[in-house]
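In the two complexes below, chain A is the common chain; its partner is chain B in one and chain C in the other.
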Partner chain A sequence: MLNYTLRRLLMVIPTLLILVVFAFYLMRLAPGGPFTSERPLPPAVMANVLERYGMDEPLHVQLWTYIRNILCCFDFGPSFAQKDRTVNDVIAQGFPVTLTYGFWSAVFVLLLGIPLGIVAALKHNGFWDYTMTGLAIFSQIFPNFVLAPILVLLFTLSWGLLPGGGWNGGQWQYVVMPAIALGTSYMASVARLTRGSMLEVLGSPYIRTARAKGLPERTVILRHALKPALLPTLTYMGPVFVYMITGSVFVDVFFSTGGIGQDFIDGAYSRDYSILLGLAILYAVLTFALTLMVDLLYAWIDPKVRAGLS
Partner chain B sequence: MLSVETLRIRFRTGDGLVHAVNDVSFRVGAGEKLAIVGESGSGKSQMALAVMGLLAKNAEAEGRVLWEGRDLLTLPPAEMNRIRAREIAIVFQDPMSSLNPYMRIERQLTEIVEQHEGLGRAAARARALEVMDAVRIPEARARLRAYPHELSGGMHQRIVIAMALMCRPKLILADEPTTALDVTVQAQIMQLLSEVQRDLGTSVVLITHDLGVVAGFCEEVIVLYGGRIMEQAATLPLFERPAHPYTRGLLRAVPNVEDPADELIAIPGSPPSQRAFPTRCPFAPRCVDAIESCRLTLPELTGGRACLRPVEELT
Partner chain C sequence: MIGAAKRRLTSPAFAEDAAEEMVASRSFWADAGRRFLRNRMAVVSVGMLGLLILFALFGNLLARWTYEEIDWNLLGRIKEEGGPSLSNGHWFGVDELGRDLYARTVQGTRTSLMVGFVAGPVSVLLGATIGALAGYYGGRFDRTVLGAYTIWLAIPYIIFFVVWQAFFGRSLGQMILVIILVNWTAGLLIVRGQVMMLKNREFVDAARMLGMSDLQILARHLAPNILWVVVIYTSLVIPEVIMAESLVSFLGVGIQEPNTSLGALISAGAATMTFGTLWQLAFPAAVFVIAQVSLFYIGDGLRDALDPKER
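Then we have the complex of A and B:
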């Protein structure tokens, strides 16, 4: 198992390298650059600016400098569009924000989605099942840009319970609505996924065996059915969790939370190459980490997978 | 001990009712071994599930299943749970899928006695080892740590039988215990069941489609067709002088090793649709000896056979 983990970690290095090279060249294929504007800069000024950011060198030299700086000093370079800020600054400021509301959003998704799915499966074709399925479909077709204004309308404007935006260092009142707006449709998916897999597990022969042992239904569900029923949800949540903690553009813009979702979009508009590249690397590393975690959790739950790993 | 009285099992399906078991009655006394024989779809497994209270949600059971005077069909779930595994245990058809693949063998065995006898881990473990020994599982201690996928099919079935024996039940329902196994392993498992039965004095209801398995094991046989009892008799007479044309057909479809020239004769046609409660002999459409009245009336079980033209009257 340890062996497997180390092998997976080693594979991160070449993969990241490929990612960096591809992203580096692809971005520069896009028309324009960080310093193009409607009124072109005088050629002398442009040359100065390019030289200051090292963009007068050939591309492969720029790439090499970029990689070298990362390896030696963990330096992802200056932002091209945001004056006097480095990529490290931008991520250090924005990532904790999205990490916070993304994490709580994931907690909301799991704590609500899984029990809802289980209850629906246990009351298969009953009142709670239909209610849950209805709710799930409702929130899945309800995009967050519709849900968020409604939340603000109710919680901020009508009842005055929660602030309608801002971050304020991540006080809980500021986290609640971004987390809910971001998570609701995922929560619905998790509920439906859990319901489906729980129904399948409950119909399996080994659950019948467990019942034939005279175990109370609670024990049958918790001891025998829960683990296998959660496997599809686990697979689903890996990439979704990455998506959540790296934030959503919409949430950042709508609630003015100042997370990196906003930075990504700004960076794309202003051709801020270093920000885009830095964020791409962050997403990649998180994706690696989360998929590895999901695989290890899988191995922990399923002995067959575990046997395959060692 | 167990007395099944006019048991009917129906399933509500998308295309209407399916009558799986129709007015079946039988009794099993202490230490007795009864075989229920029938082809697939004859309702034999559903009867076992009905006794255990494990019928699917879309099933309805009528009649009575009396266990030491109490009707299992109307027993509240908590009381039913006290009978399951402790008094009546079941060995399921497919051992490979009957074990929980995510749980160690140890837990799957010990949880039974922890539940029913309140034993602690250590005592439960000791019982598990004892029972595994009884069903001849070698290296039992190491097997306790194993997961199901690490064991062979025959070993699975031994574990499943060990599960059934954990609380020394009074009755074991063995639902096609050997169907999923290799022929050589089948013989070992049957041998094992019969030894266990002899040693513990447990009653056994053996549900099977394989008459060969029945011959050496059970004293009494019920032949089921279309959810009704066709014939009920002691094993030897049944094999020597089958009274019902269906029983005769079944016996003819079993190969005879001693006589290679013996031709296998299949029963023509296929099992009946069970959309309606039978109003005539369910076997009549496939029966070569059927007469007009077979197609009009439903023969009652009298003298051990439900047939208007039993074999001995034909000659």
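Then we have the complex of A and C:
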């Protein structure tokens, strides 16, 4: 198990390196830069500006400096477009916000999705089952960027219950809609997946045996059926987290929560190399951390996988 | 839902079923066609999608305005008089700049469908080709491809997308290109599995003994047998691609103005809904929803008709 964890962690290093090198060259070789504007700067000024940011050196030297600064001092460099902020400032300000509603969104996905799936499987072809199928199709058709405006239309403009954007230090009213908008479609997928695997488990012989022994239905479900039924859901959580990170960029932009997604998009507009690269690294690290967590949890729960690893 | 369908397609059981089915039946496509036509939702959806395509292609013949013309008469009074109206020729109203929303919706639908129906199939074709080669040759090439595949899936596509769009311009061609590049993994795993399953069959041995080259075997004997898997997968990828394009356009890094896409129109409509101009959100969103619903049911119908286990 430890061995496996270490191997996975080692895999992250070359992957990140590839990402950094690739993104770095992609951005630098493309035409335009953070200092190109409608009215070009005088050449002397331009040279000064470039020197100030170390951009007069050859590309591979810049890349090496960049990587070295990250490794030695965790320094992602200054922002090119926002004069008084460093990338570290941007991350320190925005990341807690994104993490907060992301966390609550994940809670919403799991705490509603899994029970809904289980109930739908237990009442197969009943009311809840159909409700859930409806929800699954609904979420397919209304992705977060259609759902979010509808939510704002209802909860903010029509009923005045929740604020339509902003963060306000993370008061709960400001977290609710971002979390729901981000999570709904994944909640539906989780519910659907749980339903499917629960149905499969409930039809298997050992559940029949458990019932034949005369165990109460509660025990059959909670002790015998639940754990194997949740395994597919768990494997699905890795991709879900990746999708949710993508979705968070949208949520940050739409709800103006002040998370890193907004800075990422702004960075793309202003060609702010360091912000884009820094945030891309952050997103990638976050993805790897979450995927690894899910995989380890999976190995821990499923004895077959655990045995296969050692 | 798409997730569940994809998992089924990549499972070993499916590869097993699929290989059996293909070799067993001769009138496979005819059977599948009959099964598809029996699925009422799917047939209705094909009709709806057809109408949408007609709307995208010929809708502007009905428009009285072009998509970039500003109706100066309505400026400053958009909230009161900019709504859908038959008398001034703005069937869907005007957007916040006074441009005809009907013409813009036609234009946006065209962009979105074009992206979906070009980028979707091409990326599946790319992924399928790589997958087929990896499955056929195996060995180190296969391991490299699988490694790259795993790494790629772990990176949120939005990162690559936004960086690319920001630096390489935002035309329709660029958009399609970047979607294909991001989606190169589409269909890779299933096709690889199918090829690995089929390459040891007798008919492949026979072809090899007749002196056919590897590429000939792949193109003439294996490709027809995995075509239908590719068809199902493409039907799943197209709505996803449309969704991705719309999301990116919503974020403001998609298609460049005055061109537009459904995502950009929804975004603009959502931004102005506080001012009471709801039609600016409603029409593009409705078209988007119709497209997604029909693509969803068509994909569902294709899966039911083609997947041997679903019967």
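The definition used in the following text is that the second predicted complex is superposed on the first by the 303 of 310 C-alpha atoms of A that agree within 3 Å, B and C clash if a C-alpha of one lies under 4 Å from a C-alpha of the other, contacts with A are read in each partner's own complex, and residues count from 1 in each chain.
Following the convention adopted for this analysis, contacts are C-beta pairs under 8 Å (C-beta built on N, C-alpha and C of every residue); 3 or more make two chains touch, one makes a residue touch a chain.
Keep in mind it's a predicted model, so treat the numbers as computed, not measured.
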| item | value |
| --- | --- |
| Combined model on chain A where chain B meets chain C, clash or fit | fit |
| Residue contacts on chain A - larger count, chain B or chain C | C |
| Chain B versus chain C as contact partner of A:Ala307, first or second or both or neither | first |
| Touching partner for A:Ala23 - first (chain B), second (chain C), both, neither | second |
| Which of chain B and chain C A:Leu153 touches, first, second, both or neither | second |
| First, second, both or neither for A:Phe288, with chain B first and chain C second | second |
| Partner chain(s) touched by A:Pro42 [first = chain B, second = chain C, both, neither] | neither |
| Superposition-derived angle with apex at the Cα centre of chain A and sides reaching chain B and chain C, degrees in steps of 10 | 80 |
| Chain B versus chain C as contact partner of A:Ile265, first or second or both or neither | second |
| Gap in Å between nearest CA atoms once chain C and chain B share a frame through chain A | 10 |
| Complex interface listing, chain A residues touching chain C | 15, 18-19, 23, 26-27, 30-32, 136-137, 140-143, 145-146, 148-149, 152-153, 157, 164, 188-189, 192-193, 196, 232, 236, 239, 242-243, 245-246, 249-250, 253-254, 264-265, 268-269, 271, 276, 280, 283-284, 287-288, 291 |
| Interface residues, chain B side, partner chain A - complex | 52, 54, 57, 77-78, 80-86, 89-90, 92, 94, 97-103, 111-112, 115-116, 147, 149-150, 160, 163 |
| Residues of chain A touching chain B in the complex | 124, 204-206, 208-217, 219, 223-224, 227-228, 301-304, 307 |
| Residue ranges of chain C in contact with chain A within the complex | 1-4, 7, 151, 153-160, 162-168, 243, 246-247, 250-253, 263, 266-267, 269-270, 273-274, 278, 281, 285, 288-289, 292-293, 296 |
